[in-house]
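Next up, some structures in structure tokens.
Two complexes are shown next, each including chain A; its partner changes from chain B in the first to chain C in the second.
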Partner chain A sequence: MSSIQINNVTKRFGDFTAVEDMCLDIEEGEFVALLGPSGCGKTTTMNMIAGLEDVTEGSILFDGQDLSGTKIQDRNIGFVFQNYAIFTHLSVYKNLSYGLEVKKVDKAEIDRRVKAMADRMSISHRLDQPASSLSVNEMQKLAIGRSAIVEPRIFLLDEPLSNLDAGFRAYMRAELKVLQHEFGQTMIYVTHDQIEAMSLADKIAIIDQGKLMQYGSPLEIYNNPANRFVANFVGSPRMNLIDGELREERGTLRLMVHGGAEIPLSGQVRSEFSSDTKVHSGSFGIRPQDIYFGARRAEDDIEMHGTVEVLERVGPKRLVYLQVLETMFLAIDDQDQLNVGDEVPFYMPPAKSLAFDLASGRRLGG
Partner chain B sequence: MTDIPTPASQTTQSEKRKGYWATVARDGQKMGFWFILPTMLLLLFIVVFPLLMQLYLSVTWWTPLEGIPWYRAWEVFSWGENYWFLLTDPRLWGALWRTVVIMGIAVPIQFFLGMALAYLFVDKFPGRKIFYSIMLTPMMVVPAVVGLMFFLLFQGTGPVNDHLGLPADFSWLTDVNRAMISVIIADIWQWTPLMFLILLAGMLGVPSDQLLAARLLGGSNWQNFLKIVLPRMKTVIIIALVLRAVECFKIFDLIFIMTKGGPGVQTETISLFLYKQTFGELEWAYVAAIGLTILFVLSVIAAKGLSYMAKKNG
Partner chain C sequence: MKVSPGALALKYVFVLLAAAVVLYPLLWMVTMAFKPYPEWTTVSGLTWFPKNPTLQNFEFIFYGEAEGLVVSLDRTIVGPLISSLVTSICGTLLAVVSGTLASYAVVRFGLAQSLPLSVLQLRLFPPLAVMIPVMVMWAFIGAVDTWWGLSLIYGIVTLPFAFWLMKTFFEEVPVEIEDAARVSGCSYWRVFYRITLPIVKPGLATCALFVFILNWSDYLLALLLTQKDWVTLPVYMATLTSAMGGQMYGMKAALGVIAAIPPVVFGLMIQKHLVRGLTFGALKQ
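Moving on to the complex of A and B:
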């Protein structure tokens, strides 16, 4: 077990900067997800932690200790590959015992630990079979067991659930959480699936184009996105992000959207937008579930009118696509009262709306 | 085209077509026979007929100097004398032994060198492609040319002695032991690249993430090589070794140019021995007997090997 400090780490491949000035503090025993779209540098970050890639600038400390001079073999890092990298020419038993055998652990001790781990991962009945005969689900368990058996100081998982079928993925997600708790190990988990990250991690690091966008608990990131990218990336269904020009007219600040729609800003979100006078174009964000229909609930709620274009059923609720001139708002209807073609007023509470600077993507005010 | 086929007419057409192909297939079996007949006759002429002829000659004393045509060789019928003689011919057994020695020394060295080089070339490094091309050139040189090259290199006044600071009368190719060493060095020089090429292909086929996983589990490079790389390369290794062993068993041109099997018979291999018996001594009947014996022995070995492999895979 150990904590990890990533200090101003930069990684360049020739002219291409894969990771730029990354800083992360990972506490001992924490479960951290590196989340981002494909090619954002999250896997590179993990490879650098594992020592598979050298750091161009900055340092990575394990319990305050720099391991950059240490060989991969001696770092004692558990790594679960996306495709598991099972030794398919060996038996399940030999796969599990590999990490112990190369360390010349006593035979009886190996046997005991292999059997215990196989039991824990419920693959005991497969021990003597060739690893190539396992199902994908069993390979996943074997890959985790094989890394866990050597009691690594940290555990890295590279998109471990992406190859699994949906049912087993949900099961394995829960299982991973339990395992992490049992091992008490620091775990870093790379994924592009925000639901996985949200449900598993203690903390999420959101990365885009090699830069750390935000680092915080899932709830923090969900409720308080630091910038437009995070707001857009996290949450399902996605947050409405309406871009436009800010204009002061007849005493109200309005967001003039291309195509003619106007959002009259009021209350908190208005003061957020006007907190920086240099900002002339902004992005207005609100989560679909925060938009409501029917009677106005608060004095300063922003009122708009739109036409119901599409209704999409998602379980007990429906997703409502509201057309306002050329702009589309996504809302949630849990009353089952709307029909396609209806022209309805809808309300957006300013306290739940977010303001971003369009040029830099930075969050304004809050 | 005004005639648009209805679904009904389509079925009849396709049925007709089915019938047509069935007829072709039936007739095809007969027709195929006529197609392969010329090849079969040719094979009969170049394989079966010489084999029978060889069998016939091998039980006679016939040589081209006998003064009678080969088909009248029964006049000098010898029963199994040739076969008996080959069992006790020291020159034949000596040649066989030397062939095995060359094979037993050259092929393992080629294997280890090839493996080491392949290991070096698995990872990328600057200039890899250039070195790779240079590495492969010896393999592409005609063996006779390689023979000539090493013949010149190992002259008493040649570059080898020159560089090693040895006197001109320190001979390689005419010395009882050093002639063998020279020949083996030449063979290693020429054929290590082939071993390297095959082994490199095999090594590149080892999934790199498995190797990484093994390293992350704490296995040293040597441990991972023994436990992950080698087992995964097993098939390729067998192919490379068998290929080289078979080729080495037939070694001829290199030695023919370098030493002609000399000094004396010190570097005479089985191919050279057969060549000398045939075109030097003109002992055709004896050579026929040797040829048949080799064919028989190799067939037995091949059959055993195949059944062993079938058992292993089955």
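Moving on to the complex of A and C:
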């Protein structure tokens, strides 16, 4: 078990910067998810932690110790690759025993541990078969088992669930959480699925184009996104993000949206938008579940009118697509009170609304 | 998919046609090898199968003389056979080993990125074009008519082929498999010979077979770089022509049959790999 510090790490491939000035502090035994869209540098970051790629700038410390001089084979890292990288020319047994054999562990001990791990991953009945004959689900289990068997000091998982079918994926997600408790190991987990990250991780690092956007607990990231990218990326259904020009008229600050819609800002979100006088265009964010219909609940709630365009049932609730001139708001109707074509008022509490600078994406005020 | 009888028939016609074209000379050679002298030519009317099958031709090339034949040979097949085997095998080892290592370095470590093209350029002109300087060089280092001199030129001439073939195989091995092994604690060398090589084994076997056949069937290089001691089978075969008995068709055919054996045996040995080809199932994308 180890803590990991990633200090101002940059990785360049020629002129291309894959990871830029990344800083992450991972505590011992913590489960951290790296979350970001495809190509944002997640795998590159993992490879650098594992030592498969050199760091261009900055340093990575394990328990305060720089391992950059240590050979990768002496680092004792468990790595589950995005495509599993099973040794298909070997049997399942040999795949599991591989790391132990390399480490010259005693034969009887290898046998004991391989059998225990095969049992744990429920692939015992497959031990003697060639690894190439496994199903994807079994390959996945084998890949995890093969990495875990050497009891690595940290455990890196690169999108381990992305190729699985939905049912097995949910099962593996729960299983991974259990495994992490069993092993008690520091785990870094790469995914582009925010639900996976939210449900598994102690902390989430959100990355976009090689830059760290935010690092914090799932709730922190959900409730308090540091910038527009995070707000847009996290949460399902997605947050409403309405871009427009800020204009002060007769004492009210309004967000003038392209196409004519106007959001009259009030309360907290208004002061957030006006906290930086240099900002002239902004982005207004509110989660669909924070928009409500019916009677106004608080004096400074922002009121707007829209037409119900589409109603989409999601379980007991319905997603509401509200058209305000050319702008679409997404809301949730949990009382089945709306019909398509209705022209309804809706309210947005300013305390639950977020203000972003459109140019930089930076969160304002908050 | 259901194939109509007509299409099936057509398919067989083509297969048979192709087989006939390929097998016709082979069959001719094999039957000729067992024909006695009078049946070689049209004098007694050519037949497909020998009327009086005989091992005379084989006897002749192995012992230099045979019962009922007035001519004799001053050199039997034994020397050239050994020469061919030694030089082809050594040349193949040289080309395959260095080609494999070089292409792995190029593919995996990005070393010498201009090497693939320059190696290919080497292959673009016929070896004959450089044979005069090569002969001078070989004479200079005393490599003419030695087993190692011939092995060396075989290795050099077939290296580009081995290099390019192995390069394509290595390119198909996912780097993650090697990374997984390295993370498990393997050194680069161990990853190479315990993980990567076994994965490309079918490719390696195929490459070795092709290179071996190229070396085995060479005539020109052996003709120019050997004189007496290390004459190879193809060169030896040519000498059978000018003996006083005129064209020794039967002996040549017998020689051909013997010359065909090593590649066939080699091919059968690695057939499993040839049939299976390269199947990388490790990646689930």
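The working rule: the second predicted complex is superposed on the first by the 366 of 366 C-alpha atoms of A that agree within 3 Å, B and C clash if a C-alpha of one lies under 4 Å from a C-alpha of the other, contacts with A are read in each partner's own complex, and residues count from 1 in each chain.
The rule we apply is simple: a residue touches a chain if its C-beta (ideal position, glycine included) is under 8 Å from a C-beta of that chain, and two chains touch if they have at least 3 such contacts.
None of the values given here were measured: they were computed from a predicted structure.
Model built by superposing both complexes on chain A: chain B and chain C clash.
When the shared chain is aligned, chain B and chain C each come close enough to touch A:Asn83. In the superposed model, A:Val136 makes contact with chain C only, not with chain B. By the touch criterion defined above, A:Ala50 reaches both chain B and chain C. With both structures placed on the common chain, the touch criterion links A:Phe168 to neither chain B nor chain C. In the superposition on chain A, A:Phe183 contacts neither chain B nor chain C.
By the touch criterion defined above, A:Tyr321 lies against neither chain B nor chain C after alignment on the C-alpha atoms of chain A. Judged by the touch definition given at the top, the superposed model places A:Tyr98 against both chain B and chain C. Here chain B and chain C are compared by how many residues of chain A each touches, and C touches more. When the two complexes are superposed on chain A, the residues of chain A that touch both chain B and chain C are 50, 52, 72-79, 81, 83, 85-89, 98-99, 102-103, 146-147, 150. Here chain A touches chain C in the complex through residues 47, 50, 52, 71-79, 81-89, 98-99, 102-103, 131-132, 136, 139, 146-147, 150, 163, going by the rule given at the top.
The touching residues of chain B, when paired with chain A in their complex, are 207, 209-210, 212-220, 223-224, 227-228, 231-232.
Considering their complex, residues 174, 176-177, 179-187, 190, 195, 198-199, 201, 279-285 of chain C touch chain A.
Contact residues on chain A toward chain B in their complex (touch as defined above): 50, 52, 72-79, 81, 83, 85-90, 98-99, 102-103, 146-147, 150.
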